[in-house]
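Across the two complexes that follow, chain A remains constant while its partner is chain B and subsequently chain C.
Here is the complex of A and B:
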């Protein structure tokens, strides 16, 4: 992606709070009409990054560019960047219509009353709030508040909308529906969305590309399926919450871990030697079974029914919990005896190995 | 079990407290209906009458007891209290707004502001009068020097009230307004102020009542007889002889305070409904 098509660019932004670096020379860029999701655990600096782009915080170092212009020193209200808050931050003393019209009525550009009414109504219709215009924002449901927050931002026709965990306050059912709607609305408006989330499923499902942030640094950026299938570091694999991670020793193409010794033809360079195997790649076998690959003795603890799959939890001798996922589309799940030992195994070439020896 | 014993005791305690609080007012009220002009400020009540109320409004034939010299003093006090209320509340809101962000020397400034309500009023009054007379060389008036001391006294109250309100204020609604292209001043007028209005009302009430009631600062800072505020005028009548007209006047001012409180209560009730909406919104976060 070249700078010409980029809608915004964050260049080496650093921000500290009382000596703790929330952002550490972050570089980030997004194109026009793109859905970018920013994944990170709490405390990774993802909200700070969003607030720096919005102009609520001034970075200690680095520049922020928007539509080719350096906006680092520009106050928030002159930026023309939309922001959707996790708690929605609706104006509690105003009706739905007044909330949506707020920016048009009091913003920097003068919009005629007729134009304001027209645009407000159009956006209210688009987000499906028709008929609720004169209700107070305390008289509508959580999902409807979310729509008001979105409508209020979109009515200003920004080129970039920042969303700070916008689905975090909604229940699971609503979250699923709003995900689809967010995507659909964004595509219709042709706006760039930068969506911050702590949920790996949300990040993978919604973004055209995913950026993973950890301790104020971007540790991976790419297409969701690339990030998912080839995490760049043990930390990314950890955030994706889909991998069993084992530490051990990688030496001359051989990884020695709690499951024995496995030949590793290909390893990714990382600071630590870590062996990662996806939950759904692990199989559990009776203790006497013959395995050709790695074998890890573990005690069955419990299982969780997840609808389309079953998650089985095993505990190794050193107390580490290993998760084994069984997709129900592949047949009925195995039944395990509680407190019984099983042999966990997998096909070695499905593992992702990180290590100092890697490339 | 515990509450069966504790509750009646506490109820009794509260009842005693309220009795103690309103006891003087009851006595005052009863004595204000003393017969006039011969009845004195003590029991027993010779005959029930509204003579002293009529006397305040100049509805009685002239007698040896002069009418209370409070008319102009009352107007002065009300105007002064209003001026003080507006100034202190504006200052209080503005400075509390400034304290939402830590700035260099904020602790020192905080204590300097709060000091205004801590220093003995007599000293402030005396100091102000010396400053006006000997250092600057201006005449003291209720609307100049006394006004300054009243603001210095009530501003900390308004400031502390607003500080508590803004402490609990969720700034994300302001940021939301900015991100919609609305400048900070309009955001304050259209978002922040409507939401902190209950607090502003409380600050106004504090400033107004404290100023209306103020004695030691006015005593020195207000100047001559033509500058007397209501408390000074009332105190002045004590030095001669006390008549039940003072009590009647006390009852009227207390009723005025209740009326003021009722207005405050109604306005508060209206804006609390708003605050509840905000609280609901915060619960989601």
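Here is the complex of A and C:
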């Protein structure tokens, strides 16, 4: 991605609230016609970043560029950037049609009544709300409200749409369906979406690329599968919620942790020595089994059936919970005896190791 | 839900409404029926009998004093309603919407209520030393050489009644409006701004419609109180302004029960119509 094709660029943006840095010299870029998802835990500054790009907040330092223009000082409505609020923020006293048409009717530029009707109807049809036009927004379901919020933004034909946890207010079933909808609608419109979320599955599933934000800093950016398979730091591995993380000591290519010592041919540079192994890479064996790799004694606590896999929870001697995922496509799950000890093991080269002496 | 599932619930809890019914019957329905009944009694100078007659009603509508009082009441009500709204809405807008801190907006609302720590009559009478010929306002204006002669129209006129009532009832307009404005989701306003609407458009298309239930509740409060007023007009108009309330007081004072009842019935009907009109503007059931 180069600056020329980038639809927007955030350059060293810093923003503090009462001495606390919500954003710390953030650099971010997105291309035309791209789906970018921004992952971060609550308090990571992801909503603040979105509000800075939208123009609801003024950064303390740094610039925001949009379509090659410096828009840092421009008020929100002159930016041509759409914003979809977390709770949708629909106008409660207006019908679906009037909500969608609001920007065309009362916005800065004058649009003829005929043009307004045409564009409004087109967007309503596109998001699949045909037939609901004259309902009040309190007479439609959560998913439909989500579509109204999206349509209201898209009718203004923005080049960039910012979505603040757009699926957060929906139930799990609907969330899954709206994910596909959002992607499909974006592809039809050919606009760039910047989607902020606290859910790692949502970020990985939806983004063409994923940006991970932590404590006001971007700690990794890349394709979803790259971020997933090679997290850049222990923090990223933690947010992805797919890794068992062990702290220990990395010294001269050997990691010493609760599971003994393991040779580490390759380590990623990080401030702390952390050993990460994916949930579905760990195997549980009976005590006494011969293992070639690392071995960690742990007590079986419980399991959770997830449909396509089973998640087993083990507790180590020092009280740490280790999760072991078994994909059911690989055969029937093992059965474990509650409060029994097992030996957890894995193939060492599937682990990701972080440490001060990494590269 | 079908009727079958609702019925047992209703039967079980219906007795809860009994105290309310007794209360309303004793203190509202029976008195109103009594007033209606007495308004048709025959009144002579020193006596009253229950022989039915329309004499008092005819007298009310044929006398300029009484119909004049009716129009004065309506006129003063409309003026006070307009001034309390004109002063109250911007105040509520500031307290309920522009003040971001909830604590500060609560403090400001409490400040609005402070005048209520003194009794109603004191608050009315306190306007006399303010508005009088040698009152505070005239003294200050003269000291500042803005006027050379005291403004006499300030006290014992319709103006003084309007000033007094506006001050006393303004807070009843501010409260409900500020409450409704405080409930507006700030994101809605940001969303409207993001869609390109300027402040004027946002105010007329979003903020004002959403605050309308507050305006209606405030207007009902102010209307009911102003329409039934007699003390402010009595104390600040020097008996020049006669509202329906003052007529009732005078008639009762001279034991003219039938005439007082006629006036009472008319006042009640006017209030009922006013409330009905306001409730038609906004469906409060849905909005609150």
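Operating definition for what follows: the second predicted complex is superposed on the first by the 359 of 359 C-alpha atoms of A that agree within 3 Å, B and C clash if a C-alpha of one lies under 4 Å from a C-alpha of the other, contacts with A are read in each partner's own complex, and residues count from 1 in each chain.
Everything below uses one rule, namely that contacts are C-beta pairs under 8 Å (C-beta built on N, C-alpha and C of every residue); 3 or more make two chains touch, one makes a residue touch a chain.
The model shown is predicted, which means the values in this text are computed figures rather than measured ones.
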Return fit or clash for chain B versus chain C, each positioned on chain A through the superposition.
clash
Tell me the contact category for A:169 with respect to chain B and chain C: first, second, both or neither.
first
Regarding the shared-chain residue A:234, is it in contact with chain B (first), chain C (second), both, or neither?
neither
So, A:152: does it touch chain B (first), chain C (second), both, or neither?
both
Partner chain in contact with A:59 - chain B first, chain C second, else both or neither:
neither
Tell me the contact category for A:142 with respect to chain B and chain C: first, second, both or neither.
first
In the superposed model, which partner reaches more residues of chain A, chain B or chain C?
B
Determine, under the contact definition given at the top, whether A:89 touches first (chain B), second (chain C), both, or neither.
both
Just checking: does A:106 make contact with chain B only, chain C only, both, or neither of them? Give me first, second, both or neither.
both
Contacts on chain A seen with chain B and repeated with chain C across the two complexes
54-56, 75-77, 81-83, 85-87, 89-93, 102-103, 106-109, 152-153, 156
Enumerate the contact residues on chain A facing chain C in the complex.
54-56, 75-77, 81-83, 85-87, 89-93, 102-103, 106-109, 152-153, 156
Chain B to chain A touching residues, read off their complex:
170, 172-173, 175-184, 186-187, 190-191, 194-195, 274, 276-278, 280-282, 284-285
Could you please specify the touching residues of chain A with respect to chain B in the complex?
54-56, 75-83, 85-93, 102-103, 106-109, 136-138, 142, 145, 149, 152-153, 156, 169
Which stretch or stretches of chain C touch chain A in the complex?
185, 187-188, 190-198, 201-202, 205-206, 209-210
